[in-house]
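Working notes, beginning with the structure itself.
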Amino acid sequence: MSLSILIILPLITAIALLLCNGLRQVRVVALSGAVVQLIYAFILLVAYWQQRAAGDQALMLFEEDYVWFTPLNIHYHIGADGISIAMILLTAFVTIAGILVSWSMEKLNKEFFFLLTLLSMGAYGFFISLDLFTLFFFLEVAVIPKFLLIGIWGSGRKEYSAMKLALMLMGGSALVFVALAGIYFNTQTVAGEHTFDLLQIAQLHIPVEVQKIFFPFAFVGFGVFTALFPFHTWVPDGHSSAPTAASMFLAGISMKLGGYGCLRVATLLMPEAAQAYSWIIIMLATIAIIYGAFATMMQTDLKYINAYSSVSHCGFVLLGIGMLTKTAIMGAVMQMVSHGLMTALFFAAIGMLYDRTHTRQVAQLGGLLKVMPFIATVFVIAGLCSLGLPGLSGFVAEVTVFMGAWQNAEALYRIATILACASIVVTAVYILRAMGKVIMGPLQVTDSGSSLGNTLTDAGWNEKAAAAILIIGILAIGIAPFWLTELIKQ
Amino acid sequence: MTASQIIFYLISAFVLGTAVLAVTTQKIFRSAIWLLFSLVGVAAWYFWMQVEFVAAVQIIVYVGGVVVLIIFSIFLTQQSGSEMPKPPLKRILFSLLAVLFGFAFSYRIIYEYGFTPAIPAKPFTVPVSAIGEQMLDTRQYGFVLPFEVVSMLLLAAMIGCIVIAMKTVPKGKTVQKHIPPIGTNGSGKLITESKDLQVEEKTT
Amino acid sequence: MDYSTYIALIPLLPLAGFVILGLFGQKHFARSAGILGTLILVVVTVLACYTAYNYFFISGKINGVYQPVTALQYTWLQFSPGLSIDMGILLDPASVMMLVVVTFVSLMVHVFSLGYMKGENRFAIYYAFLALFTFSMLGLVLSTNILQIYIFWELVGVSSFLLIGFYYDRPTAVAAAKKAFIVTRFADLGFLIGILILAFYSGTLDFGTLIQRLTDTNSTPWSQIAGTTFLGFPVLSWALTLVFIGGAGKSAMFPLHIWLPDAMEGPTPVSALIHAATMVVAGVYLVARLYPVYLIDLSVLQIITWIGAVSAFLAAIIACTQTDIKRVLAYSTISQIGYMLFVLGVPAFGTATNSGYSASLFHLFTHAFFKSLLFLGAGAVIHFIHTNEMSNMGGVRKFMPLTHITFLIACMAIAGIPPLAGFFSKEEILMTAWENNRFIYYIALITSGITAFYMFRLYFCIFWNKPPAHGHSSNEHGEGTVSMKLPLIFLAVAAIMVGFIPFSHYVSFNGQGEEIAIPISFSIAPVAMAIAGIMLAYILYYKENQRPQKLAAAWGGLYRAARQKFYFDELYLFVTKKIIFNGIAKPAAWIDKYIVDGCMNWLGLTTTRISEQIKALQSGSVQSYAIYFFGGIVALAGVFIYLLKA
Amino acid sequence: MLIDFIILMKQELIITVIIFILLLLKIGTDISNEKILNLANGLLLLNLAAGFVGNQQGMLFNEMFLTNPLIVLEKNILSLGTLIVSLQSADWLKKHDHVPEFYILLLCTLLGMFFMISAGNLLMFYIGLELSSIPLAAMANFDLGKRRSSEAAMKFIMSSAFASGLLLFGISLVYGATGTLTFSEMAGHITGGSLQVFAFVLLLSGFAFKISVVPFHLWTADVYEGAPVAVTSWLSVISKGSVLFAFVSVLYTVFKPMAATWYNMLFVLSVLTILIGNLFAIRQNNIKRFLAFSSIAQIGFILVGITGSSQLATASVVYFVLIYVFSNLAAFGVVALVSAVTGREQVSDYKGFYKTNPVLSWVLTIALFSLAGVPPTAGFFGKFFLLMSGAGKGNYVLITIAALNMIISFYYYLRIVKAIFMDANEQPIERLIIPAYAKLAMVICIVGIIVTGLAGYVYDYIHSLSFGF
Amino acid sequence: MSSIPLTHILFVSTALFFIGMYGLFTRRNLITMLMSIELILNSVNINFVAFNKYLYPDKLNGVFFSLFIITVAAAEAAVAIAIIINLYRNHRSIDVEETQEMKY
């Protein structure tokens, strides 16, 4: 099993895309690339299970380690544990769904799919990196395609949003860079070298006072990616301006890069500092959860609703990480996967609605269940997942976070947990409000009330397939979470 | 105070005084002449320091070359004798302040350092032959490499000057070179080229 | 007895029904969905009855008690060693009883809907949702694990949401569905936090283990939870209260009852199933499940008692004033559930005998039958008249004799007329109250009188009151199809019969069974109250007259208040709209837009502004460049020579 | 001796030979511009190839000329840059009257740079510096009829003369304080006294002027804007690169005893440079001016790297210059092409560029991304290593400031990208035909941008040649 | 003659340097600016020769340096004047204040 293939596959797809002519070829190549990725992700999953079953207790499996830059002891070091595998699967799911959803772009199809594929490559690379440099490399690889995707194919204030997103993410990675430098120069391997190697650093002990300096950099840096309050403002604008597939990617995968980084780099490498700062993290995460949820209530644009709710949901990721208990961290990872699928589904549904009705204003839509039952159902499922309905993935993740969070007996943590729990009510309120207006109620498509009803069509096969793939993922976690917990238990 | 000292201070006063005049007078031509005096003063100073070769070079290059060049260019670009526009007072004051402060600052540092000469002061003789030999010597204390490089510099400067300062035919004709079919195609080019060459040969 | 061979089918068959009907129903089973769903339910009901038979009569008591049996258990989500959500099936008297009730009522509703919902656009979807609900409800009652119950708790909530909002293009239905979901969600928040507390101290989520650990006064969990207080109250009280809040929300107890009357927007059979017989009693079931733990903390039980009693009384009063027949039934449901709850709590005031448990579940049991009967009857009427408004009805008895009879039976049952089912269960409740707290007893007694009054007000208004002919002369319409009649008959029979079951013998708190002896003399007062209520209703509503209006005018303020449901909706509207919406959400969105995001934009703007302001540095004048150049040198040298000597 | 001479000075000799060949051609025959261009490019290629043959270490002329593999490498980088610039300017030069002169001047400056890098002696350094800047002033004026071109040349020669005056004053003080002009002897006399600090600042200003460090940078933007694009790209890349090489070696060898002082100076200067460069770049509308300020900011990052004063730092600086050659020249290549054909140089002219010229757009975009330091382009690696070597000193304040400034720099690079891809334009630049030479140059640049970073070997190799303390 | 302290000579050269600088800062005419630069370079020359003579008389480094400076300065002046003349052709003025087309 070679993990490098995960990077090579999208790369080949991307190059092949550049050589394509015509929409048809582009579609075929992009889709087949995504399918192969998905298949490979499953192969990896199986291989992972087999190796674990065979009693392989190594921290990381499928490791590959090549020296890249000798002077700085930079390695191309990749490997995967359960968390990585879970995130890879998530990426594969969202990628294929994203490609299916954006079956016909208005312009520049080739470039669109090219960038999308590139984005998935960045995500794969990030999730399998075991070297901080490689990790950082892939983290940044993913920024530019987002900028272009939003800026070129977006809607609304797309330039502003694209710029904001790119700059804020860049700011995040700048902070991450400082943390990396700090970590690097404060490690000393047995051979007397500094190292970027995650596994080695985890074993070497970084002095506590150093940790205390660089932990905030790393955490806030990655936090920006995962909408840490108050650095979340790129999320609503970015998500809402992006084209559907890009929104799916952004919310589904990109935000997870941050969570993954917070966990892998900040928390696991600097445990003492994480301990010391956890109260701040908890506070910020709680604010994000509650405040994001309340802010969502006031939104009138469907994409904004989902974007703000993403802020709130990603708060759970940070909350789980900040709680520092095993269960809570497990919950955080589950929330990452779950939110990735769920929010992608939500954005897909919104995108489908938008494609047909050309509006995303809640006030201008109504009763769409009547004319497009499939899309409406998808919307409902996404909404229900978002509000944490058992049987769908959201609940599993949230309850795990709560369970883990409650293990922390201090008053502040308790209050944070209670507030976080309370947010599920607020979530229910805004989701149901949106659902009640858009999906249910009398049919209405524009503000003037003129009915486009007859001209509206339900989802095409590609959209159905995209939604089905994501729903399968959501159900797989929601109905049978044990495989996921087994996977990420380490 | 010996005569030598007196001469030194006289030359110093002359150099500085003419220099000040050169940078303050409002008539450009006079300014050039004051500069000439100042440079001659510096040459005198080299004589006083018994580095006659440098003094000679100073006079030949500066007085005979640079200043003449400057005067020519004044003639080329200026109605001589007319007053130059005064700089704004603010700038004068500001520059004066900056320069005085800079001078105080630098000189204070230099003065504090002192530059005490080596105690057994060696006689300092600069025979021209030694300069000549060293200039083209490749061994220790030889300066042949900078000499050669400077020659390249002079070449480059010369070519640069020619290209820039030479009058060219109006641009219109030369631009048409790469558009063959219409109008004065080949001939225009030939004219320009030959003119270039003529001028260049003269200058060289 | 080995149940594992088939027991899983009981919840899974409806699930399968949901999946099949949900995915393919609209296309492939547009007509046959009802039959398919009903068949599944028949199988499930048979299995449930078989299980009950096995449990009570084949396995029977072991060591004198009905042993709880964990028929199935799978780890579903492992949090940490010892702490996991398990999916399983727990059989004990209460759950087996509930199993029977749920499947039976559900089957009745399925059958009834065949006629009632015929020709409905989304017929298959309707059955899919019913199946989903049945699955969730069965999962709920069979739960082995407190989080399992929470999971199914939420699922019944969402099925309820979907079914209330079944007529999705009706704004009122949508609003009602939202309200139901959100209110119960709010209550579930309490439930969830309660679970977290209990799980934290007991270190388990399994009911059996949890109860065992928390009731064993020698164990560490006990000493920990007993020794901890929060805001001056013991943590255990907090936990149990919070869990009860969850139950109260689902059971529509005061002050979280507001959603239930609105939920009547759903199709009537759905109301019969969800909002009368099964889901709304989940709160009672939840408290009953954790009853041993509640018994430790009597203060919580007292709270439960008061809430139950107040709900029973207030809801009864409101029910007297409502004119929508389904709303009357809804308030009646609240009132009856109030009975069930306060009887669970009332032993806390007195000698703490255990009879409250039995009585409560007995009433739950009987109530399920007669209340669903009432709803189905009302449904039949509505199906016929096409309105819910009482004032538009009257004299329907001529057209629907069967409905009339069964409705009367149900009314008498709920009023507590012997020997119908309601009489027995209510008698046990009153007895328990009498033994433990007289005040509660009197409330209950009065409430039972009021119950009789409003039920018969309903009955008379529908079936008598006005002369029959006002536009609904189409005789052929009549009672509807056989499928609508059959359930009425079945349920009426049940409403008559089930009272005779020696319920407390089978279902009791400790599984041993208990005998509750009620002297005949004790029954005099309640029955008298009931008859008085009926008489009053007869006087006022048997024939169309002006007395009700006069009476209403005489009661003035109270009548208006009750009619407006004591202004609870307005209060909630104020809290949600004014406080939460305008007070929190709006400022949050504002802050986000103008302060947090404003800061980010300000950063960008400031950068460009600074950039604009310093542009004079690059003045284009080569002399000023030189001055800056020289200034730079002097500054650098000055700083490093005089200020920062290395 | 003669063999040594030929081997060690091979690059300088070849350049000299080329200069004379061109000179003779100019004087002797009437030859078309195309032929001269072909010949010149061929010769430059030859020069580049010769650079890779036989690397040796040694010194000539009494330490006036030093060479070692690193210096040879640096010269090769410059030669490569020269070749690229030459290829890119072909389109502009074809129309020009003075092609051989242009090449002669260009190569003279290159020669000056070579001598400057190889200088083991302040005199050689000075002469090299002047040789590399005086002809440049003339080159800046090569758009003879254009007002801006002559203004640029004037500003350049005036600033440059002033800067060299100050530099000379500094050199004279150093000479006075140490009594020697030879680097190797000088190092022993450096103590860090106040006069030496002053002299050092003067020297530093000379360097800083050439590489446009704030506040010695003010000439940069004006000259870049006014000069012909080829000259601008030459100024911004090759000229800067060469001075940087010389700067690093002088700093690390001669002024090593004063490291504590100059470390802090560079700290201040780098922060200022990055900040001012960025702040000015945000606002620019002329793309050349914009690139000027962006290159100032880049220099700030390089200074951060230089503060590292380790082997890593040297390697990173050389590596970055190599990458910078590729990236900046790729950007300038597109700008030059557009400017040569349409004469449009405003950022707003590039709106909708992608619609008409997708290939050029991608080239420009990749180049800008590389300048911004976005992976997988080499710029990312270059900047990463620079900042890492800066961080090696443990001064995380500096690193944080630099890293945060990356955001601003990111903004203005993205501004261009936005114009290219996203903005609508009524009159976009028409579809351009890319001439063969320019195409070749672009291919070289893009391949360089992609390969230099990803192939770790390049950096490893440079590192193995580097030095530090 | 050796009774003249080196610092006096340095005083003069430094003063000359700053006089030149003053001229550079204030003169608006490009040619006069160029003349100021010549003054600056001359002051440096004096420095070199003086240091050589007073401090390090055994080698001729300073003298040679000043010779090269003179040469370079001449070249520089030539190019500068050529540029100025070209500027004059394009602008019809050699006033530095009038050649500020490019700024900000």
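First chain written, first letter: the chains are A, B, C, D and E, and each begins at residue 1.
Everything below uses one rule, namely that a contact is a pair of C-beta atoms (placed from the backbone, for glycine too) under 8 Å apart; a residue touches a chain by one contact, two chains touch by 3 or more.
As the structure is a computational prediction, the values presented were derived from the model and not from experiment.
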Subunit D and subunit B - chains in contact with each | C, E
Using direct touches as single steps, what is the fewest number of steps from subunit A over to subunit B?
-> 2
Name, by label, each chain that touches both members of the pair subunit B and subunit E.
-> C, D
By mean Cα position, the chain sitting nearest the middle | A
Which chains touch each other through the most C-beta pairs?
-> B-E
Take the average of all CA coordinates in subunit A, do the same for subunit D, and state the distance between these two points in whole angstrom.
-> 42
Distance between the centres, which are taken as Cα means, of subunit C and subunit A, whole angstrom = 36
Averaging C-alpha coordinates per chain, one finds the centres of subunit A and subunit E separated by a number of Å equal to 64
Calculate how many whole Å lie between the centre of subunit C and the centre of subunit D, each centre taken as the average of the chain's C-alpha atoms.
-> 76
Of all residues in subunit D, which are in touch with two or more distinct other chains?
-> 123, 127, 130, 134-135, 137-138, 141, 144-145, 153-155, 158, 162, 173, 176, 194, 198, 221-222, 283, 411
What are the residues of subunit E that contact at least two other chains?
-> 17, 20-21, 24-26, 33-34, 51, 55-56, 64, 68, 72, 75-76, 79, 82-84, 86, 96-97, 100-104
Going through subunit B residue by residue, note those that touch at least 2 other chains and give them in order.
-> 91, 94-95, 98, 102, 106, 109-110, 115, 141, 143, 146, 150, 153, 156-157, 160-162, 164
Which chains are in touch, pair by pair?
-> A-C, A-D, B-C, B-D, B-E, C-D, C-E, D-E
Touching residues (chain side subunit B, partner subunit E) in the complex | 2, 4-5, 8, 12, 15-16, 19-20, 22-24, 28, 31-32, 35, 38-39, 42, 45-46, 49-51, 53-54, 57-58, 61-62, 65-66, 69-70, 73-74, 76-78, 84-85, 87, 91-92, 94-96, 98-100, 102-103, 106-107, 110-111, 114-118, 121-124, 126, 130-131, 134-135, 141, 143, 146, 150, 153-154, 156-158, 160-162, 164-165
Along subunit D, where are the residues that touch subunit A in the complex?
-> 311-312, 315, 369, 374-376, 380-381, 384-385, 387-388, 391-392, 394, 396, 399-400, 403-404, 406-407, 410-411, 414, 417-418, 421-423, 456, 459-460, 463
Contact footprint of subunit D on subunit E as seen in their complex | 17, 20, 24, 30, 33-34, 37, 40-41, 43-44, 47-48, 51, 55-56, 61-62, 64-65, 68-69, 72, 75-76, 79-80, 82-84, 86-87, 89-91, 96, 99-104
Within the complex, subunit D is touched by subunit B residues 106, 109-110, 112-113, 115, 138-146, 149-150, 152-153, 155-157, 159-164, 168, 171, 174-175, 177-178, 192-193, 196-197, 200-201
Which part of subunit D faces subunit B closely enough to touch in the complex?
-> 16, 19, 23, 27, 30, 33, 60-62, 64-65, 94-95, 97-98, 101, 104-105, 108-109, 111-112, 115, 123-124, 127-128, 130-131, 134-135, 137-139, 141-142, 144-145, 153, 173, 176-177, 193-195, 198
